[in-house]
Amino acid sequence: MISAGIDIGSKNIKVIILNGKKTIGEAIRTSGENQEKAVDETLALAVKNAKIDRSDIDKIAATGIGRKTFKNADYVITDVTAGGRGIFECNNSVRTGIEIGAEESKAIRVSQTGKVTDSAVNEKCAAGSGSFVESMARALGINVKLFAELALSSDATIPMNAQCAVFAESEVVSLIAQNTSQKDISKAVHDSIASRVSSMARRVKLEPKIAIFGGLAYNPGFVSAFKKNLEIEEIFIPEKPLFVDALGAALLAQEKTVED
Amino acid sequence: MGDGYLHGIKEDIAGDGLFDQFFEWYDDRNSYAKKWKERTGGKVVGSLCTYTPEEVLTAANCLTVRLLGFHEPQDVTEPYLFAMFCPFSRDTLAQGLKGKLDHLDGVVMAHSCLHLRQTYNVMKHKLPVEFAWYLPIPNNVKDKYAKEFMASEIERFKESVEEWREFKIDENRLEDAITLMDKNRHLLRTVYEYRKDDNPHLTGMEALAMVTASELVDKHDANREIEKILKYLPSRKIKTDSKVGSRLIVIGSEDDDMSFAHMVEHEDATVVIDEHCTGTRWFWKEIGPEHDNLSQERRIGDRYCSRPACPTKDYAMDDGTRLRFLHILKLCGDYNVDGALLIQQKFCDPHEGDMVPLKEFLSEHDIPSLQLEFDVTLPLGQFKTRVEAFLETIGEEDLF
Amino acid sequence: MTQKEYWRWDEKCWKDESMDSSDTKIISVGIDIGSVSSEAVICLDGKFYASNTVRTGSNSPTSAKDALKPLLEHAEISYEAVDFIVGTGYGRVNIPFQDKAVTEIACHGRGANYMVGPSLRTILDMGGQDCKAIHIDERGKVTNFLMNDKCAAGTGRGMETIADLLKVPITEIGDRSFQINAPAEPISNVCVVFAKSEAMAMVKSGKTLNEVLASYCKAMADRVTQLLDRIGMEKEFFITGGISKNRGVTERIEENLGIKAVKPKDERLDAQTAGALGAALFGFVLASKKGSKKDTRKGQIL
Amino acid sequence: MKYKVEPLKSWGKAKELRKAYFDNYVNARQSGGLRVCGSAWAFHALPYGLGEDIYWLTGEPYGAQVAFDKDANKQLQDVASNKGWAHDLCSYMRSYWGSIYADKWVFGGKWPTADFAFTNQICCSHSKWYQEVARSEKIPFKAIDVSSGAYEWIKGVDDPRITYIANQMAEAIEWMEKITGRKFDDENFIKHLKYEFRATSTWAKICELQKTIPAPLDEKAIFSLYSLATLNKADKSTAEYYDELYDEAADRAKRGIAAVGSERCRLISDTQPPWGFLKMFRYLEDFGAMSIGSLYTFGLQGIFEEKKDGTWGYRPTPMDKGIEINDRETALKLYAEWNAAKPEYQQFYDPNIKTRLMMHIIKEWKVDGVMLHLNRGCEGLSLGIMQNKDELSELGIKVMTYEGNMGDETEFDEDRVLARIDSFMELLGLEKIKKST
């Protein structure tokens, strides 16, 4: 069976097309202003990559924050369930999956059979998500990628007092004023976000193996700060951290079809 | 090597070193407790709230330590206390969850507020303690039946401590403990008397360190140290007289934040008196000698019911008066106060529940006040602006 | 990156051409280092003479210099001729070449009092990272104040984020927010960051940019009105700080309160500079009291 | 539909009674009656010693009424904020204070001031609440401290912890005589005390009927029904109404009449719901899920006991047990002891107890999952809730949490909560029931 999983995030749209369990096509695109159009385009792109016809797809499942805006889905699945299913597929020894996207972070506990048993999401404050890192990088005037890497070369521990994403920016500005080096600032920012995320994640009882996915999995500064925070050596990061929800959705589309 | 509760602030405040021992105890509280255990073979009991009748624990050869926070962001309490609980109760719990309180043998909750009660509930189940006791304390300590009830609860508490410690607390031991605690209260009060002077002889931060340390260490040690400093105090001066600046009272919920005290007094202002629980609320009023054939439990209970009450325990009398407010007013007069800093832990319902009438009351009595909301860590920059601006409103005629 | 910066506003030097600095007894300067903007004001014998506004840079000393140096040049006054410098704003402690630091609360009080006159009692200062309601007496001395809390919703920074997001120059937001057909519902998210997604969602659901702007202005006005409600309104009120230039917010506040904000007596005066002006006025008083001309400044302007 | 449904016949009467409580309070003075205000947990029977013409206004149900009216809710919350009260204080209390300051009775008209405030205190907010009411309305105020320990720590009616409560009530009687100038009549008090015993025991009996599959009532209905006891559990009409309701519910249970025809998954909730968003309970029904109740709706007013056989059920009243109540002292002791057993009080002392009580419901009422409301509006009932979550999950129970506020809609994010429910339904393996035919 050929299925497609579409993850409509606040920042990015990701599509995966599966033939059985094999990925035959994928695509990613920013959500932009016209989300509906963007979804169609991303899907079309994935179809093209898969070298199939749109009509070859048997079932489509949508997930992500904008999942309800996509009208042609056979299944609509929350990102919690999709994320849990996806990360379990990537590595079936994972028990806790932590997804940090642009505006939301969540922790998902997965059972030995791949069922989601518990989950937690961040509060209504932006200080624990990807956009926080972005605005901090903007405050320093360097790009996100470089900013993220800088943290690795610092061993300073500067507590960031402001938890608000917006005020933290001014705190960064005053750190700059005190001639704090960029790498130490980066470290401070990543420590603070790691602390936020782990605080949220602890609500689901962090059981190993722990996995990180979503956009922030690409951020080595965060990953390292997060490991240190939880005092763990190893953390699993899937090969394509942005596509985990889409993968889960595509798999669930097949499994649900069989059930029906 | 210390436990770090001072966050290195001490270097900043170096003076003549008279209060160093208290700062050290404050900083090294956990190491102190561990050493105390080795030295005496006694048990260490964590106390949540100032209403714990320490006399009973002291008589049972236990060191009572007040459980306080660390003033640093933490991320371990989220699974137990969700966001609307006061930062103090969360910060304190974090100490336990992070393993810094593993030396505790027991933990006691003298009922005050729900927030702290929740901290206690988690500690009871998550810390390796042998003994945990919830001690009901009357909600309205001025109620006709409060003292009787308090005495019966102290008795029950005593019995459970006896059972735990496997020995009877005889009358002599308990009387000794009463005397020891009273001496500490008396000494602290004596030091506080000096703060009435134009030059208050000690800073608010020093007073805070002294009182808080007394809540953390063996009272014999504390008393000895206070007696020592009392020799030097009469001739001691802080700052230059003009730098004493505005005389402030700090009123509010739990507050042992040294960096705040430091920031305030860094400006042209000095804290000369306080009404909070790492201050006067804890030590004001002694038990006193035996009288009227009252039982020891009753005498102890009476003291806890008639000391200056926390907002959780203080309610309008039949004629509407608030004894807590009158007490504050008296302190303002006695200590010649220019303004009041009302500090309050964010989400602290009991204090929030007093804030509006208290502010009105103070302004009726021409005492300017500034309200500040504390979180685990303080936005010192913002607070600094507010405090400075407040000081400008009560002083700084120079600018006009 | 050559992306347009929509949050930019005009940075300019201004001086009162009708005044002359040559026979002045006391020249005082006020410098307000805010989180977003830095202003410098020169007063001649306690009269407003010249001002400059720049974006706050990465550190306070540089920002102070950037604000003051061009202004002195523009006003043709030498740094050495200045008798007294008062610093204010959140960067006030880090201005090396100041004689005294005073909080922006006191300075806005005094500055507003100068701009409006002794009858003014209530001020709303809406700046980059906080918002304050201030009561003053007839001399401009603060009697009471209230500041908003640790959340950025309802601040100038929040507005800038929206400007950037919607790609509308910040200076146009006010006007455009009135070019709508239906009255605006305030944006419901208090968090600036989430308000952004709400704004995006509104755009996606077919609202016009102007309507979204109106919603955001309305939300901000509502939050600020609460601050005023809490401290209580005495007589007329005046708005200072950068947002005073955004009529999308100010007029909605007026609507909420049912009264108009007062305007400066001299319409050339810019309410964004009220803080620096107050500081300069304090500098004048302090210099007159001090008598001697020799100052004790820690730093040089370079 | 899987099960047969019928509307609840006594529904209309419950609505009438509810309206009457509020109306009677407003009109109390026309007939020289007394207005008393206090918590829903107060000792409602006690003031009846002053006469039959006692009219209660309890704060929590009033706060909930305000929450139903979004505009009024916002206005009154704002008024309270403008006075300087913190935002995180009990949201019922803030709405209530707001009503006083704004002189606005949420049903229309001016705020009716009370003659005196008489409450009890287990939560930090109860006494602060009525202290401020007393200050603003310039009326006398008294609170009875009931936070003297969990029921299982109390050793019978003669425990000093019970005596303490009873003594305070005795004192309150003298105080009421003084402030009202009326003589206290023990007989009338005892009459109403018996109503209260009866109503609170019967309510528990009604809740027991919810063990039936399909459940004869659903929580949406229960919210409206339990509120009669929160309004006044010592009134004759409440006791009588609950008798009638019991009969009807028992009959429905016997005949297999369901509250929700599609019932296939039974849930319980916890703490006060976000009143302005009760539609979330209807949303559950799209999945065939329904909430059969909660420890909160069962045990806020219902009095239960743990039976010898390890089950949990209604507690028979002293009258059922043949205990004579003829004098004030006995009455007060029994009254204090009865209330100390209140299930909702227990969670104030140890979350373990609450978890245990919830487990009774989960097992004996055959529940599939639990929805915990992290209610920012009520610090009292959200006490220990995170620990409950932990303990329940440990025991293998499926739990979801969601954030909200019972009485302040600005703290409720509908989309996010519905998304939480979606993933909880996925966890429970439920899909939306396609509306066939």
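Labels for the chains are A, B, C and D, by order of writing; each one numbers its residues from 1.
Simple rule for what comes next: a residue touches a chain if its C-beta (ideal position, glycine included) is under 8 Å from a C-beta of that chain, and two chains touch if they have at least 3 such contacts.
A quick note: this is a predicted structure, and the numbers were derived from the prediction, not measured.
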If I rank B-C and A-D by number of C-beta contact pairs, which comes first?
B-C
In terms of CA centroid distance, which chain is the most far removed from chain C?
D
Nearest whole angstrom, what separates the Cα centre of chain A from the Cα centre of chain C?
40
Centroid of chain C to centroid of chain D, CA atoms only: how many Å?
51
Which residues of chain A are in contact with two or more other chains?
123-124, 162-163, 203, 205
When you check chain B against every other chain, which residues touch at least two of them?
78-79, 83, 379, 381
Give me the residues of chain D that touch two or more other chains.
83-84, 386, 390
Can you check the complex and tell me which residues of chain D touch chain C?
78, 81-84, 410
Within the complex, chain A is touched by chain D residues 386, 390, 393, 398-399, 401, 403, 413, 416, 419-420, 422-423, 426-427
Chain C contacts chain A in the complex at 35, 56, 58-60, 91, 94, 129, 150-152, 155, 157-158, 161, 189, 191-194, 197, 200, 203-204
As the complex stands, chain C meets chain B at residues 90, 102-106, 110, 130, 139-145, 147, 149-150, 282, 285-286, 289
Where on chain A is chain D touching in the complex?
77-81, 115-121, 123-124, 203, 205
